[in-house]
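For reference, the structure I am asking about is given below.
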Amino acid sequence: MNLYEFCYGIIHWLVDLVNNLWYWLGDLLPWWFGDFFTAVGDFARSDGHLSVMTILLEGVVILVVGLVNVLNFIWIDRKLSGRIFDFYGPYYVGYRIGGWLQNLADGIKLFTKEIITPAKADRVGFLVAPIVFVGSSVLVLAAIPFSHNFGIATNDSGAGIPAGVLFAFAMFAIAPFAILVAGWSSNNKYTLIGGMRSAAQMMSYEIPMLLIVASVLLLAGGFSFGEVVDAQHDIWFAIPLFLGFIVFLVCIVAEVEVQPFDLPEAEAELVEGWTTEYCGMRFGLFMMTSYLRGYAGGALTTALFLGGWQGPRLIPDEFWFLIKAYIVFFVVEWMRWSLPRIRVDQILGLGWKRLMPLAILNLLIAAAMKTMGWF
Amino acid sequence: MAEMWINMGPQHPMTHGLWNLRIKVDGETITDAEPEVGYLHRGIEKLCEDRTYTQIIPITDRLCYGSSLTWSHLYCLTVEDLMGVEVPERAEYIRVMAIEMQRIASHLMWLAAYAADLGMMVGFIYGMRDREVFIDLLQALSGSRLTYNYPRIGGVAHDLPHNFDRDALRACEYMEKKLKEYEDIYDGSKVFMMRNEGIGLLKKEDALNLGVTGPPLRGSGVKYDLRKDMPYSVYEDIDFQPRSHPACDCYARYRVRMDEMWESCRIIRQTVKKMPKGKWRVVAPRNAPEGTGFGRVEDPRGEAVMYVVGNGTDRPYRLKIRSPIFVTVSAAPKMLIGYKVADVVAIMGGLDMCIGEADR
Amino acid sequence: MAEAKQKNTYTGFVVKPMLRTMRTFVKSLILGRPNTVLYPYQKLDLPQVYRGLHTLDFKKCIGCGNCVIICPNDCMWLEKIDDPELGKIERPGVDIGRCLFCGFCAEVCPTAALHMTTEFELANHERNKLRFSPKDIRDDKFADTFKEERSRRSLPYLNMEKCTSCEKCGEECPEMCIAIVPVEGTGRKRPEINFAKCTSCGKCAVVCPEKALEMTDVYEAYFEMPEPKLVLENCTGCQACSKACPAEAVYMLEMPGTEKVLKDGKKTKPKKRAVFILEKCVGCGRCFRACKFKAIDMPGVKK
């Protein structure tokens, strides 16, 4: 049973429950009052209404799953960095369960802070930039299914969104615009510099990333996630396209802006970079979205290279997907806490001069493998 | 973008103390630089004129809180030169051992702050963790973790605790293992080398002309170390080599400090082996004769000098302090012009600024 | 720009640092040995020399005020206290808000009554709670809890009231460190003992017929304190210095030959003069401040 049917069942049950009320009112009240309520009940049971409500519920479920994963990521990040640094991470927050409630404490702290807008800031840009940033990152999650049955478009009509990979990467690439707007509209020299650096870095790492995705799609033969994962049933793409896998991992790290690529948020020079002027939960949203993009990057890597949801049948497919995404996250965090920052012109040099030729080489290898008929 | 002046500091998260660096930026490249110090001036030289010679020792501790034993030792050397007090040999050996431990602790704090500036939190935490070993040793010796108040005019405050030599040797072994680990983490990482090689050149002539001393000078190829060239205390009897590095960039200064930590471990081992028995303190006279006293030591940051003028009473007439950082920071324009804004932290971090001694 | 010529020590660009961090991670998580303790549930042991809050032994303290004088920051003061067993005494209090925790006060104390404990959790919301009066830091049993590290010797202390100038101690001392000096104006002599040469054999105390020499435990003093000098012409025998001295180093002796005959034939009592036993003096300067006739000269001490 896939997610669509599951949510359809829930909505159907809920609508039936509420329709008892409408039909009862319709029988009770005379004249056109009664007809009105009966019509409401009939509308609620119609196919269009049910499917719209189902899609909304699916969206909520995927969003909740994504956000819970983000909270887990933040917790793992803090405990992992603590153990790498030879101390405990958060420990006694409320109860001695290992400090997971630290997220709750941080969230409450951010909610209760005063929200200030700078006087000379461009109000529309200042308010719209977080919305675009967060919204586009969450939309990336919409396109990625966890398994054949769990995804926002996994209904009987097809195995997911027809051009899922394309949609995911398109949404992923909207972020630089939002960052530029946020940095510029804060009316601050430092955020402007930070925003421009960040946008330059993200755009220059999109190119190798998309070239590698193109090579994967060449081997998979289709544009949707279901086809890509099914094409890996013999061997995961990470092994023949090993070069592409490594370069893709580096590009994801640069997109998400963690060390060693986080000069736009470098504390030593620019305080917080392009998010300096945001206070309270707006800043919390940026931090959360940063981890959300990390999670999305991990999910994309899993789906494209590590076989998606394939694994022994001991545990359900969705958990395999999550386990592989967490392993990718673990490797990214390991790299994060071991290396210093790279200077911004060195970052751009790395992206254009070293990674792009490697990505093109990878494309040639993929084309060669396809013509030899191995895939 | 037109050229503009940017203020880095005085309120800034990671500038190692309270000072202001104004840089003139053309896009991303620096065309001029102007450091401004003086925000942390506490009037120490004036405070010293109103206190007796013994009461000044805790105040000199607080000159540079990163390496406070060096400064109180320097003060005691200066006043012993003025009063003509002869310090017993055991006290001299204890002082040298404590100073070398302090040198290792100061260099580790520099390493931690440097790594934090470059974005590597690992280096920060590991540096502080290893510094704890030496701070704990000095705490067992003197009673405090940061401002020790341990040297006295005429010796040291009290004798070594039990088992101190065993603990000192264990600390040296631990440090040598960790220095190998640091070589893996710093030298073995291409990213660190990319950030440091070829950055912040300070040529030999410029360094000598500007009066720069200490690791920045030794990183430009000049083998000048006060412990070998003008030995004080018992450094003549101890076998060690001052280290220098021919490349004049940030990597050379980093390498010089790491090598100095190796040498300090050797010195500690030799002092533990050679420690004589005897008294650790003599009673110094209360009133100083009329005259002058002069002392100079090799601080972890350079050459530190003190000059005291006595006038027959128990308070000094004048105490003059020369701090190495005050002179080294004036070499900043030479090192910064032509590089990018992101290199400023690497270059100024490599100088190991401790503003407490620059501003007094 | 000159490139540093050195051989490449990096393999695989980033492999070495990542292996090092993985090693620490495994040691910390799987072997379970991180480097920190869970404060405040687990605490570290501090060594005995640690300089934390002060503690004062009321019985050992003589109220000399040396600690108040030597403090670099003027954070101690002497407070007059009426104690049920000890009477009217003066004891020092400390203001933690100004204190440097340098330890000079504990070091200069002549009777080792003031110590610094290992208590460091002293933060408070109000500034006046940081002033600890002598009663707050009183702990008469502190000396039982630790091993005293300050070196002390057993030295003979002179009680001038019992001394009869018989000179037996001077003959008995094997080190020849007792010099018999005359006390000007009184016609008596007293022994002056050189503590630097004394070996604590105790023979002088045994041989004294009046038991005027008593072997007491004295802590080594490494700070040279100012010494008082008597200006005999100005001394009126008012006994202010003798009452002010906390260490019993000033005795009043009669000067025979200074009695006056009054008009009605009665004789007045002879004048008295102060005698300083400088070996017992701790250099606190209270005699200097108590004398109103400028009969005591103490260079370098403020009034």
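For reference, chains read A, B and C in written order, and residue numbers begin at 1 within each chain.
Definition applied: a contact is a pair of C-beta atoms (placed from the backbone, for glycine too) under 8 Å apart; a residue touches a chain by one contact, two chains touch by 3 or more.
Keep in mind it's a predicted model, so treat the numbers as computed, not measured.
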Two chains sharing the most C-beta contacts: B-C
Chain at the geometric heart of the assembly (C-alpha centres): B
Between chain B and chain A, distance of the C-alpha-averaged centres to the nearest whole Å: 48
Gap in Å, rounded to a whole number, between the CA centres of chain C and chain A: 70
Rounded Å distance between chain B and chain C, as computed from the means of their C-alpha atoms: 34
Residue numbers of chain B (touch at least two other chains): 122, 129, 185, 189, 191
Contacts with 2+ other chains: residues of chain A: 84-87, 337-339
Junction residues of chain C, two or more chains touched: 14, 17, 20-21, 35
Of chain B, residues touching chain A in the complex: 6, 8, 13-14, 28, 115-123, 125-126, 129, 185, 189, 191-192, 194-195, 340-345
In the complex with chain C, residue positions of chain A that touch it: 80, 82-88, 91-92, 334-335, 337-339
Sites on chain A touched by chain B in the complex: 81, 84-87, 189, 259-260, 262-263, 266-269, 271, 337-346
Chain B-facing residues of chain C, complex: 1-6, 9-11, 13-17, 19-21, 35, 46-47, 49-51, 70-72, 100-104, 107, 116, 149-150, 221-226, 299-300
Chain B residues touching chain C - in the complex, by the definition given at the top: 51-52, 54-59, 122, 129, 139-144, 147, 149, 152, 154, 157-158, 161, 181, 183-191, 193, 197-198, 201, 247-249, 251-252, 281, 283-287, 313-314
